[in-house]
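Data first, discussion second: the structure below is written as structure tokens.
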């Protein structure tokens, strides 16, 4: 299985080209559009969403991850092996949280021979590299070299809003399992209660809960927490 | 074939997880994203769109239907058998119009054993239940119990706008076949003429027609009926 | 492989119906959503995007192209054979640029027998026609007649913005390969420098480059050229 996580938007001009290439190179492969709405060029959001939203994929899945504002520049190309999954994409920080959450993690850098576009490495490098990896099962096929990563850009958890879903729920970069106790979350001058799920609070009430992918989420029963609380990406919260 | 109708938005974080699960459990199955833009948490819109937009699916198709504001609460889980199709989802009213339009309809309730998230039953209950149903061809595999539904929330037709498409066409919950005669539709103080298709009216003119799925639709030739007439979801019309 | 290019929006009510039909008629076929965000009813944008964004598809691919404001009216139905690809859709001008860019091009018109909706020929005519073509490999199966096209609506290149991507990059209808020299592009009173890729200019700076599909594109490093320059669809530029 090959899964895609990008900031391309699903129905624009880019995702389809990747699918076409995968279908031509690996006929019959299952290709999953896991998410194409990472906030544009937001490496930090990608870094926290990638581990949370790929945990449940089957073993040996290959995940092409592309949030790549430096495309065509000198950031390296990486393949990571992390708890039984493969990840491919630009090594610009998007794999730094994954590395810290993983039990087993190895990172490789590789060069890509041949001519490619300067602005669409997802199509011209990471997708064909994923095909080679799928066929061979080893990064050796990319002549990849294992590298150590010490200078990580991000902490394992972050008390910040990184994504709004379609309903206006605010997804944070904080794992529920990292909470030492159920402290109340304070944001925009309000203390939000915890609940198990939407129907446990009044209609229109805002609350916090552990979302279905293990992250702390700020939501509103039958409404938009984003609108109700006036939230925006990057808003921070505190525990009290 | 497994089809999905939800209010999740296609390119967010949710639909891909369902696809990944289906691809892992039923390799090679055809999965169709029929619609992920039901207005958020709008059970009524779902109830009318589900029968109209699944009619043409092949026999034995399984349709996972999820508009579920009460997720994690006590609404039952349902499987419906309706004119040769299977439908799975929360029994919160989304199947009530389907039941009234169908020639043959049976509804079953089932419980789901094991641990699930409190907010993503589409992934944790309805999708694996659909896989079991696909493999076995019978709701017995879910230990489902047939139930009678008498208290239906919705009428077979409704003179209301329930959906705007990408072009600003306004889809109503009224079947064209339910019109006794071609009465004029009055909305926002205007009487709209009937036409067969867009090119039959002047550019920029608004009109009514039978859309390609049998519903009455308010449209504008090469423009947006929504903007032109100032329409919004829930606007009602009358016949005169 | 069957690819789709339309102005339907991907996650509305239309694309899924086409996928369902293809899955039923041609089980196992690879269906690629190449783009569903052609600006609504914009034949000109479609005419220029179709050749640029289908070039790299594998030989024998069938591309269903639908931007069809005249649906149900008297424009002909066309199949085009162009440099090893098949294209099906309404003959309203959307194939006119393709014809001029192609080395080998033939156009056929066909009639469609049987009952169809008046507003969804993509589903009722072009999709089943594509299935017949896929199975037979020849337009004869549609009883198609070859036609000459002399009155083309569009030039091979156009100095105009025809599409904004998800990031606010402005795609033009001008091929980079048609530039006689690297003249500066002037738009909105500004002369834009050329660059190879995003990371070559300052953060927030606007520039022109050859995009990954061969078109001249106006972009902004880590920002939106659309917002930065106040661009809109149809804005023209000059070379100086």
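Read from first to last, the chains carry the letters A, B and C; within each, the first residue is number 1.
By our rule, a residue touches a chain if its C-beta (ideal position, glycine included) is under 8 Å from a C-beta of that chain, and two chains touch if they have at least 3 such contacts.
Just so it is clear, the model here is predicted, and its values are computed rather than measured.
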Open item on the list: I need the rotation angle between the copies chain B and chain C from a CA superposition, between 0 and 180°, in steps of 5.
Closed with: 120
Task: Numbering shared by both copies at the chain B-chain A contact, with half separating same from different - done: different
Open item on the list: Can you compute the centre-to-centre distance for chain A and chain B, using the mean CA position of each chain? Integer Å is fine.
Closed with: 30
Open item on the list: Two or more other chains touching the same residue: where does that happen in chain C?
Closed with: 9-11, 28
Open item on the list: Under the definition above, what is the set of chain B residues touching chain A in their complex?
Closed with: 7-17, 19-21, 23-24, 27-28, 40-41, 69-74, 117-120, 123-124
Open item on the list: Could you list, by residue number, the parts of chain A that touch chain B in their complex?
Closed with: 1, 3, 9-11, 28, 30, 32-37, 49, 53, 56-58, 61, 163, 165-167, 171, 196-200, 209, 211-213, 221-222
